[in-house]
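Note that chain A is present in both complexes that follow, paired respectively with chain B and with chain C.
The block that comes next holds the complex of A and B.
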């Protein structure tokens, strides 16, 4: 399903349909995350990927245009980069531990401590929240600052204060 | 835009928007017990405002949440987050150590997580609302 949607996205020339298919792609990924028991990630993917980013893309389309400009450029170099990167990724997966392997490094490092101790140390049932908000709260602070930086960048680029002298610094 | 004149969409949005806002608050404060947290709650809250803005126009949405308020709240969320961390230092722990926030470590952790999730939710929600306004109000 994901592959079919991705191929359809490449084949489409109408950007409006591409944006809609992008939302569908996110929704399918969200169901995939539910199957993998990553409910928090699925939740985020469905809300951000399928919901908000689709709306933001649509409002960006309202500013630009609906059709992709046909280019007659040489596609060999980009194709080469994509093929090499893809081959590298597929090659590196051969070194990964088998799916669900209990001896995999990720299951032997800090995960057992989170699963066994977070009940006593943090005292809340959702381990994802205790990792995200307590054990890894530095990282989460960084993420929030990244989101804020995105806002500053958008406001600078779109110049929302253009014309109002009062807000000029 | 023709969707603004569609009575079915307008009326169903009146039913949906309060439920979406309530669900955002549920996700915000129930993140300790179920899936979700500040990030998702902020996005869901923003999506309710965006739905209103799509159907009733950005101008009417800005009467509820003006751009300036959203921009201020975007910074306020980060400040809540950082001050929770600095409060840990003031009360004798490390930065973002919640154990010292209350009389016993578990309660401190609860308070800390509640506060920083609130900060995350406020920032994410207002950032997305502001970005949407920025796109919707852009004129070439």
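The block that comes next holds the complex of A and C.
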């Protein structure tokens, strides 16, 4: 499903339908996250990825005009680069642990401690929340700083040249 | 052989999506479409991380009586942060696109190149 949507996005010429397909793509990936047990990630993706991103893209389109032609360059060189990179990556996956394997290295080092102890130490049943807000709260603070910086950058970009045209630059 | 295919299917899906995103970024000249390609690329990385956190027979990592096997909560935490940051970067990218459009009246790379050549 995701692959079909991604390929449809490549093929679409109308920029508005590309943006809408992008929203659908986010929503499908959110359902995939539910299937993979990542419920917190799923509702963040559905709210932020499918919701806010799509609104941002639509408002950018409203400013720039949606009747932009989608011209394309030479296909062969990019296709070649993509295929070679993809083949290299697929070759490298042969060393990766099998899907769902409980003995994979990722499940044997840090995670068991969180799963066993976070209940007593933090007292929140949701392990993702207790790691995010307590063990790794400085990470989350850093994330807030990043979002704040992005907000300032957007305001500067959109506000500082307001009304001026290219000849002023 | 079939086992190998099923066990590595998740990696291949995320690589396919990653390459689709990369192809859009390289091949398309419309800047908004390039940003959508970047978003697809990012989502593929999210899927890679989340699928690695899945444990067979595990449930969502919420402590509740009657469940003892959970999927790995760490990738979930990382990706939660990454999703929010990705929206922030998308917003900055779109602001840049809007500014480019303000200067050139176009968001197509090739047209912008033409305009710059004419000016020289």
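Going forward, the second predicted complex is superposed on the first by the 153 of 169 C-alpha atoms of A that agree within 3 Å, B and C clash if a C-alpha of one lies under 4 Å from a C-alpha of the other, contacts with A are read in each partner's own complex, and residues count from 1 in each chain.
The rule is simple: a residue touches a chain if its C-beta (ideal position, glycine included) is under 8 Å from a C-beta of that chain, and two chains touch if they have at least 3 such contacts.
Bear in mind that the values here come from a model prediction, so they are computed numbers and not experimental data.
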| item | value |
| --- | --- |
| Superposition on chain A - do chain B and chain C clash or fit | fit |
| Chain touching more of chain A, residue-wise (chain B, chain C) | C |
| Partner chain(s) touched by A:111 [first = chain B, second = chain C, both, neither] | second |
| Contacts of A:81 with chain B and chain C, given as first, second, both or neither | second |
| First, second, both or neither for A:17, with chain B first and chain C second | neither |
| Touching partner for A:138 - first (chain B), second (chain C), both, neither | first |
| Chain B versus chain C as contact partner of A:55, first or second or both or neither | first |
| Contacts of A:121 with chain B and chain C, given as first, second, both or neither | first |
| Chain B versus chain C as contact partner of A:99, first or second or both or neither | second |
| Touched partner set for A:147, first chain B, second chain C, both or neither | both |
| Chain B versus chain C - smallest C-alpha distance in the overlay, whole Å | 5 |
| Overlap of chain C and chain B interfaces on chain A (superposed complexes) | 39-40, 44, 48, 52, 56, 59-60, 63, 125-126, 128, 132, 140, 143, 147, 150-151, 154, 158 |
| List of chain A residues in touch with chain B within their complex | 39-40, 42-44, 47-48, 51-52, 55-56, 59-60, 62-63, 121-126, 128-130, 132-134, 137-138, 140-141, 143-145, 147-148, 150-151, 154-155, 158, 160 |
| Residues of chain B touching chain A in the complex | 27, 31-37, 39-40, 43-44, 46-47, 50, 54, 67, 71, 74-75, 77-78, 81-82, 85, 95-96, 98, 105-106, 109-110, 112-113, 116-117, 119-120, 123-124, 127-128, 130-138, 140 |
| Chain A-facing residues of chain C, complex | 6-13, 15-24, 26-30, 32-33, 35-37, 39-40, 43, 46-47, 50-64, 69-77, 79-81, 83-92, 94-99, 101-104, 106-108, 110 |
| Sites on chain A touched by chain C in the complex | 2-3, 6-7, 9-10, 15, 18-19, 22, 25-26, 29, 32-33, 36-41, 44-45, 48-49, 52-53, 56-57, 59-61, 63-65, 68-73, 75, 78-79, 81-83, 85-86, 89-90, 93-94, 96-102, 104, 106-107, 110-111, 114-115, 118-119, 125-128, 131-132, 136, 139-140, 143, 146-147, 149-151, 153-154, 157-158, 161, 165-166, 169 |
